[in-house]
Amino acid sequence: MYLDLWQLTEDLTHWLLVDVLGAFFGWLGCHGIEGWLGSENVLLVTTILIVALIVLIVGMLVSITLIWQERKMLGRLMDRRGTMVGPIGLFQNFADAFKVLIKEHIVPKAADSLVYHVSPVLIIGVSICMFVTIPYSPGFYMSDPDLGVILTFALFGIIPFAVMLGAWASNNKYSLIGGMRAGAQLIAYEVPLLLSVVGVVILTGSLNFFEIVQYQQDNIWLIVPMILGFFVFLVSMVAELERTPFDLPEAEAELVEGWGTEYGGMRFGLLMMSEYVRGFVGASIATLLFLGGWDGPFLDVVPEGLWFLLKMFIVFGIIIWMRGAMPRIRTDQILNMGWKRLLPLAAVNVFIAIIFKTMGWF
Amino acid sequence: MAEMWINMGPQHPMTHGLWNLRIKVDGEIIVDSEPVIGYLHRGWEKMVEDRLYPQIIPMADRLCYGSSFSWSHVYCMAVEDLMGIEVPERAQYIRAMSDELQRIGNHLMWLGAIGPDLGNLTIFLYALRERELFLDLFTSLCGARMTYNYCRIGGVRNGPPPNWERDLVRTLDYFEKRMDEYEDLVDRNALFRMRMEGLSYLSGKEAVNLGVTGPSLRGSGVKYDIRHNDPYEIYDELDWHMCVRDEGDVYARYRVRMDEMRMSVQIVRDILKKMPKSGPIRVKPPREAPVGTGMARIEDPRGESLMYVVGDGTDKPYRLSVRSPLFVILSAAPAMLNGNRIADVPSIMGMLDVCMGETDR
Amino acid sequence: MEENTIYTVEQVKDRIAQEFPTEVKFDTKVKPRRLFMSADKEILFKLCTLLKDQLGFDHCSLVSGVDWTDRFQTVYHISSFSNNITVEIVVDLPHDNPEVDSITPLWGGANWHERETYDMFGIIFKGHPNLKRLLLPEDYTFFPLRKDFEVGGL
Amino acid sequence: MDLSLYPQAMAMSAKEFVDWSRGVMDDLARTTGVKKAVDKIADPFINWGVRNSIYPLHFGIACCALEMAACSSPRYDNERLGMVFRSSPRQTDVLLVNGWVTHKLRPALRRLYEQMPEPKWVIAMGECAISGGPWYDSYNTVQGVDSFIPVDVYIPGCPPRPEAMIDGFLKLHTKIKNSKIGTFMDD
């Protein structure tokens, strides 16, 4: 049971453009406009725009809920209430958003103005781009590229570049060190991250999220054969998201606020938002690749998108739990861990996948 | 990357007070460092020359706000030394008990502060949660949360309130359970150990020469605790032992402080057993001090604190000079920092339990 | 450094009296584990070397100053970890030319104490590696703990 | 409405054009009543947002800093009120001066204040920040932080209890509520 977003939007667009607007212009006598509105291209473009808007709004709402989840869950882990603005603290993020809207925009005198301004736009833009590839259910998705997995990770790969740009342009020593750390760390953890996905790809034989989930629905959730891969993926993903214990680029204790030190006002809000957008995407990929995506029991009663979101929130909850229980690790230790521990483990995972495939077990 | 100087401070999350650590880094490695202090210097030693002897007690409380009681304690002891006053036994017990409770409270603040230093906020909130209990105890004892104005020249202001023993024992029982929780969270967490072990080695000989005292010194394997080696009040009659670790790294300093908290609990229990139930708690000091000098030193939560008072026959001290433990430990900071990474600065400095009020005076 | 030999207060006193019969005068005050003396400023460094190298005094607790309007005093509290003794050495300095040998080469812990004493009194410590203002801003021209500086001055 | 420059608009430089068009839009909004309408709708929301998301600067000076820390402990929990301590002055709204200010610190504090983006507030916490407190006759402290930065709320006490600090922040809530924060184009 799922909502077919595209079909629904197509119907809506058709009704809007042909039955309402077209009829109105036809009544006026502008048959040219009526025909143009009813033409295939116009319908298609409008449908795409409306779908994009819906996906953006839903994605943003989910990301905001993630911020709420983090603040509330971290609060409970620390034996306090957490945020309490609005019912169970749900409105806190909206209050923050309204506040950053009217904050003064300060550009440091010695900053490289162009790059300083472009970098947050790049970061939030790339983050929002990743909504495109994430399907919530068989019907609720933006696009269905054959190489969806590759596209998502390619978009992930742009972030360190933008971070380093912004860090350098701020003309602040803390930012610079934070940006360099971000670069080193993100590049070091891309490799095990991608290698841990290779096992999934070998088993399912596809780079398409829908086919991967279909495979899991037909056979078994991939976390069972690929438990090692899931572990490597989760750790690398936490590093990729720059969250504790791998939040070195934003290490508050020594680097003030890390590479975002000089960003205030709305730009700070955007960077904060993009962090959770990426958190949403990361948790979604883990769900899609290893936890069966929207697969789950009682599919005829429970909407599939709900299963997906539930799993995604649980994965993000694990990430929050890690933040509550662990300290930050050091620069040399993080690189050691990436290259010397996670990379071999990911390679072993690939071998396991190959063995499973050749034996024909899964 | 070329070498560059970085100012960590005056406003920086690492400082836990107000000072400026200038470090010269080569990439991530610290090659040189220099603490810059004096941002909180308010001329304490000059101002007390214009105050009556009893008026200085609340000012001594504000020397270090984390361990107020031990500062007013050392001040009163120095003036008693100058005036030649013998403190009643019950007052000595109460002082020692307050000292140990203060030590626990201060170490809990330190434990809270290293949490954000190492990147974990949970331990901060847990430690502060228990610190509130000890502040409650102090509130019932002397009416204030942090700056007590409780010690008096010749004794203490008042005896323990009714039900004091019951509350104290309950708090200590509860606190010992919580200590296990902290150790679960920190000691049994591999990442915490990774951050602390083998970091910033300081040999015992070097530490002694640099004037490092207190838990940092005992973390380097030097058996020296003023409560044991130069006993004051009634510490030589109590049942306790020194907490020493031989490793000399950050983890050892952490362990020494944790052990000290448990030891303080033991000392307080022992005091409760041995303290006389009644008796005078205060003798009346003379208004004017004689001509001469007085000196006292005690084991502050951070190390050796010493006060040297010169009297000139009037009711105001002619000169009162203070040895702050952290003042000297901070001068040893370059020896601990150089060669480590920027990421380790907060954990190394956090382990020293920085309190700038007493350092700058 | 004879770490393992444990001296009593009397032994330390005898030893110092034997080395410096005229330069060091002992105070009459007697307290357990304390030794009070005053010394000439010329032999201060030698006295400290003796204390550190032969008598096992390895910890400099405090270096401070006192302004007696006609003369300055520097006061040293030096303690021993093995003997559990603290000695107090008082050194008189002339008011117009307060100069004394630095003991930082012996005890690193005296470094900032001497800087602070310079900062507050203007007493010069000869041989100190880095004698600059420590607590007060560099551009201050006065020494606040001198008695001719009024409380609440400025 | 200043449309007299309209014929020259094509020949303006980019900056001039932006300034001119901003002025035109502003006048337009004022005269047509759009501004009033927008204010009416948006002001309550934005004012509510600003009130409920106060980020103080993580800046501990002296005794009161420990009470500031205690204020975020589970017993008092300032995050209930939307207060989060941020370390970078660029991302904060409130400068909480919690301790005495010495002459050595004064320029740094002034600079921190300048680095914070508008709208910003200053809270003086404790006697030392309000008036010099116990250090009234010191040669090295500034007698009251309001002698060089504007202070909005004073929290007396030496040191104030965490409850007093929370009360001070609630006073700041009231102050923001009664101010015009959240209205547009009101330079």
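Every chain is named by a letter (A, B, C and D) in the order it is written, and numbering of its residues begins at 1.
Assume a residue touches a chain if its C-beta (ideal position, glycine included) is under 8 Å from a C-beta of that chain, and two chains touch if they have at least 3 such contacts.
These numbers were taken from a predicted model, which means no experiment stands behind them.
Using the contact threshold fixed earlier, the set of chains in contact with both chain A and chain D is B. Interface comparison, C-D versus A-B: the pair with the greater number of contacting C-beta pairs is A-B.
Farthest from chain B in terms of Cα centroid separation is A. Chain geometry summary: the mean Cα position of chain A and that of chain C are 65 Å apart. Spacing of chain C relative to chain D, judged by their CA centroids, is 50 angstrom. Per-chain CA centroids place chain A at a distance of 47 Å from chain B.
Rounded to a whole number, the gap between the C-alpha centres of chain B and chain D is 36 angstrom.
Residue positions 73-74, 87, 104, 137-140 of chain D are each in touch with at least two other chains.
Taken residue by residue, chain B touches two or more other chains at 12-13, 38, 41, 43, 46-47, 50, 125, 129, whereas all remaining positions touch fewer. For chain C, the set of residues that touch two or more other chains comprises 136-137, 144, 149, 151-152.
Viewed as a contact network, the protein chains fit none of the simple shapes, being neither a path, a ring, a star nor fully connected. Remark: the chains found to touch one another pair up as A-B, A-D, B-C, B-D, C-D. Interface of chain B with chain A (complex): residues 1, 4, 6, 8, 12-14, 28, 115-122, 125-126, 129, 185, 189, 191-192, 194-195, 341-346, 350.
Of all residues in chain B, only 37-38, 41, 43, 45-47, 49-50, 208-213, 222, 224, 229-230, 292-293, 295, 297, 304, 306, 308, 310, 318-319, 321, 323, 327-328, 330-332, 360-361 touch chain C in the complex they form.
The residues of chain A lying in touch with chain B in their complex are 74, 77-80, 173-174, 177, 180, 244-245, 247-248, 251-256, 324-333. Put simply, chain D touches chain C in their complex at residues 103-104, 136-140. Residues 57-63, 65-67, 69-70, 72-75, 87, 89, 99-100, 102, 104-105, 108, 112, 134-135, 137-141, 158-159, 161 of chain D are the ones that touch chain B when the two sit in their complex.
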